[in-house]
Amino acid sequence: MSMELSLAELAQHLGAELRGDGNITIRGVAALQEAGADQVSFLANSGYQHHLKDSSAGAVIIVEALADQVPGAALVVKDPYLCFARTTQIFDNRPLPKPGVHPSAFVDDTARLGNDVYIGPKAVIGPGVEIGDRTEIGAGTVVGDNSIIGSDCVLNPNITIYHGVCIGNFVRVQSGTVIGGDGFGYAPNRGKWERIAQLGGVRIGNHVEIGANTCIDRGALGDTIIEDHVILDNLIQIAHNVKVGEGTAMAGCVGIAGSTEIGRNCTLAGGVGLAGHLKLTDGVHISGMTLVTNSILEPGAYASGTSHMPVHEWRRSAARFKQLDSMAKRLQKLEKSQEGKA
Amino acid sequence: MSMELSLAELAQHLGAELRGDGNITIRGVAALQEAGADQVSFLANSGYQHHLKDSSAGAVIIVEALADQVPGAALVVKDPYLCFARTTQIFDNRPLPKPGVHPSAFVDDTARLGNDVYIGPKAVIGPGVEIGDRTEIGAGTVVGDNSIIGSDCVLNPNITIYHGVCIGNFVRVQSGTVIGGDGFGYAPNRGKWERIAQLGGVRIGNHVEIGANTCIDRGALGDTIIEDHVILDNLIQIAHNVKVGEGTAMAGCVGIAGSTEIGRNCTLAGGVGLAGHLKLTDGVHISGMTLVTNSILEPGAYASGTSHMPVHEWRRSAARFKQLDSMAKRLQKLEKSQEGKA
Amino acid sequence: MSMELSLAELAQHLGAELRGDGNITIRGVAALQEAGADQVSFLANSGYQHHLKDSSAGAVIIVEALADQVPGAALVVKDPYLCFARTTQIFDNRPLPKPGVHPSAFVDDTARLGNDVYIGPKAVIGPGVEIGDRTEIGAGTVVGDNSIIGSDCVLNPNITIYHGVCIGNFVRVQSGTVIGGDGFGYAPNRGKWERIAQLGGVRIGNHVEIGANTCIDRGALGDTIIEDHVILDNLIQIAHNVKVGEGTAMAGCVGIAGSTEIGRNCTLAGGVGLAGHLKLTDGVHISGMTLVTNSILEPGAYASGTSHMPVHEWRRSAARFKQLDSMAKRLQKLEKSQEGKA
């Protein structure tokens, strides 16, 4: 699994301007403080600039303006962080399985597999499923009836895709994730609940990334939709008929209730909760653990809640929070009395 | 998988009063704005009433008072939403597997399977397990030793049921859910933790619905109990020895700490957190992302926290929250000084 | 699976001082109110002391000072709760599988298994994997290429361990958990996201306990690290390059963002969220659902947020929270005006 290439080759691969000896052999990527002579590093955040002069990195990916501060070779680019991301992909050490269906997998006779597909041990591919070229299905992953998975996807082990789910190309899903489970829809019936069968499906675009143990429910009538270039972290709950716009990112433990529509290029930090039937316009950014109970029609940054404080001080603030309305009214009364005297 | 029936048959099935042509063929359910001539729709929320007049639905499920506003046929009922729920079940398109044990499943010799049970590919049924008639066990699902699963249940793929779990009839569980895992119990021992073996089990009633990637831990000494007609969404944490009363509903990402008892017909919205060893009486309704740290002995609606605001305004409010006690004391001082002058 | 021993044997096993008849047969553990003559109980919390006199327990684990209040036999120890924990382990009723590789498992030829290892049905052990003596791998669990799992571990069913993960000895993991999934790292690229391949791994120490459906991501460059004696509950998110110090405990639904370092012997209650790149010193205790946005360098207890209140009162407090800064300024103005008059 080990990759090595010359610095000149790496520069060419990345479209970077090489300054220094292109013959150095590069075998990996590391942080400035840890990189050795056969590793490339990067400086994307000026907060780490002081690490430059002592770095033993074989080469540093860096912007033009700082390139002369690199002790060794430099790879000069406009966006070092983006270039670092591409570099990690070159040195990706994830084991790549050989295409083919593992003898212990079960693939239904009516499933259609593209070229160079990999189906791992104990995976289960249901009737009518279509899987595109070069897609990997990990060990123990189950794909339900008639679902369609595009080409160049990676479904890691122990994922569950229900029936009637449609996934685009270049989609990566981490383990334990469930796509197409029943949405949580019930009609109340005198203290009991009558199930609303979830007749819709899930449609996931291209270049979508989905973390581990995340849930994306199928729609009640129409589909739940995840557009292209969306990235979702672990343990996220996407309820039925949610729509997530292109390029939107969500960190871990976010929960989105049913039928909410999120615009393009939004970011939801960890633990954010969105109530159901809301609309968030494009370019909305929500801070960690914020509760959103109304639609957000203006782009911008939003937050709720409070952050940590010593518990004995917190107890007093939390108690006073319950008196806030009374405090506000008493304040008004004092102001009026003051006015009367002025 | 496609179902079709005449509107007259549908009306009879639903116990609805038919107004209009009973010979229309109905092939599905859709929202008012999207339904075609062979689909039935419904009006359960007056907010959607304006969609009535332009709807192309073959028939609309509706209350008596509004029935004359339906352009086509009407199915008149008392509770259109409940009737809609039943209609979705008629048109449920979930693929139904043929009864039988898939050759790639492993069923221990000592397990007892009822009539017309389905055991999917790669499923594992442990020693001493009992599975009731017509129950479906999905691909890759594991049922641990001596667990009992009732009749007419649906366990989707990749679920884990530990040993000694007892599940009633008509229970549906979505993928990735874990029932009977060890509760989180440890005795502190000089900076380390001594494990408390979890000797209890889990008992789940009839007609319970459980979402995806949810966890219901086994009890430490006694059992964790989920009563009949409880509905649980995805990514919920039910700790050891929790008891959830009949008909209670929990939305996604709820967390319940150990030994807490929740009454009947409660609703917990998404992201709610309940501390351990609490009691919630019947009919308690908790808003999204609320923290509950004390027992709630009065039925009613409860909430905590704050909702989103623009981040620059939020920063000021959050900072002032930390000064609340001081503000309250200063307000009192002003009031006293005022009184002194009056 | 049933265990029985004499009270004298149990006392010896626990290092407890026996007061009473050592010939009683003990067959289990139960709470004071529920224990029968063949069960041992314990009193660890003075809140339950009133149950002592009516308890039918065969013996009670108790401190010296209260031993004379036990109606039957007593096992006198310094720390009854710790002793109770050890007692539950003696009576642990978890079915123990016989060592061996189940014929339906798939173990790669290059994997190395220690002595008395158990590999359950449909489990998948990848190339180059090492598994230590007496370790149990549950049904359907997948261990990725070259991962190393120590001795005396219990990996329950349907767990996913990615490649290059290193787990110590005496580690227990509940079902559905994912260890070594890709960290959530992407460089923004004009509305799209360029993936940062996650080149690091996960290192987990000895005596670590991990709950169900929890996620521990692999590091981006270096490793994600969980030190010895850490205990993690269900549905926890540990992001890439997080470090969790020895003896730290986290309850369910906690989320830790990337590169945050948590000290030793910390406790994080349920639903706590930690932002990324923080440091928490040793001995920090965080209350349920607290948001931590800055490093905590002083040991102690911390909290944020507010707790539940009736929803109509809450609405007023939550509305006033948004006016807090204005209220604070108006208060200051009144105070100044007051001072002017004094």
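Going in written order, the chains are labelled A, B and C, and every chain counts its residues from 1.
Assume a residue touches a chain if its C-beta (ideal position, glycine included) is under 8 Å from a C-beta of that chain, and two chains touch if they have at least 3 such contacts.
Keep in mind the model is a prediction, meaning the values are calculated, not measured.
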item: Proportion of interface numbers common to subunit A and subunit B (over half same, under half different); value: different
item: Fitting subunit A to subunit C on CA atoms, where both chains share a sequence, rotation angle to nearest 5 degrees; value: 120
item: Distance between chain centroids, defined by C-alpha means - subunit A, subunit B (Å); value: 25
item: Residues within subunit A bordering two or more other chains; value: 122, 140, 158, 176, 213, 235, 253, 289, 305-307, 309, 321, 324, 327, 331, 334
item: Subunit B contact footprint on subunit C (complex, rising order); value: 28-31, 34, 79, 81-82, 84-86, 88-89, 91-95, 102, 104, 120-122, 138-140, 156-158, 172, 174-176, 207, 209, 211-213, 229, 231, 233-235, 246-247, 249, 251-253, 264-265, 270-271, 288-289, 305-312, 314-315, 318, 321-322, 324-325, 327-328, 331, 334-335, 338
item: Footprint of subunit A on subunit C - complex, ascending; value: 106, 122, 124, 126-127, 140, 142, 144-146, 158, 160, 162-164, 176-178, 181-182, 184-189, 191-199, 213-215, 217, 220-222, 235, 237, 239, 253, 255, 257, 273, 275, 285-287, 289-294, 296, 300-307, 309, 313, 316-317, 319-321, 323-324, 327, 330-331, 334, 337
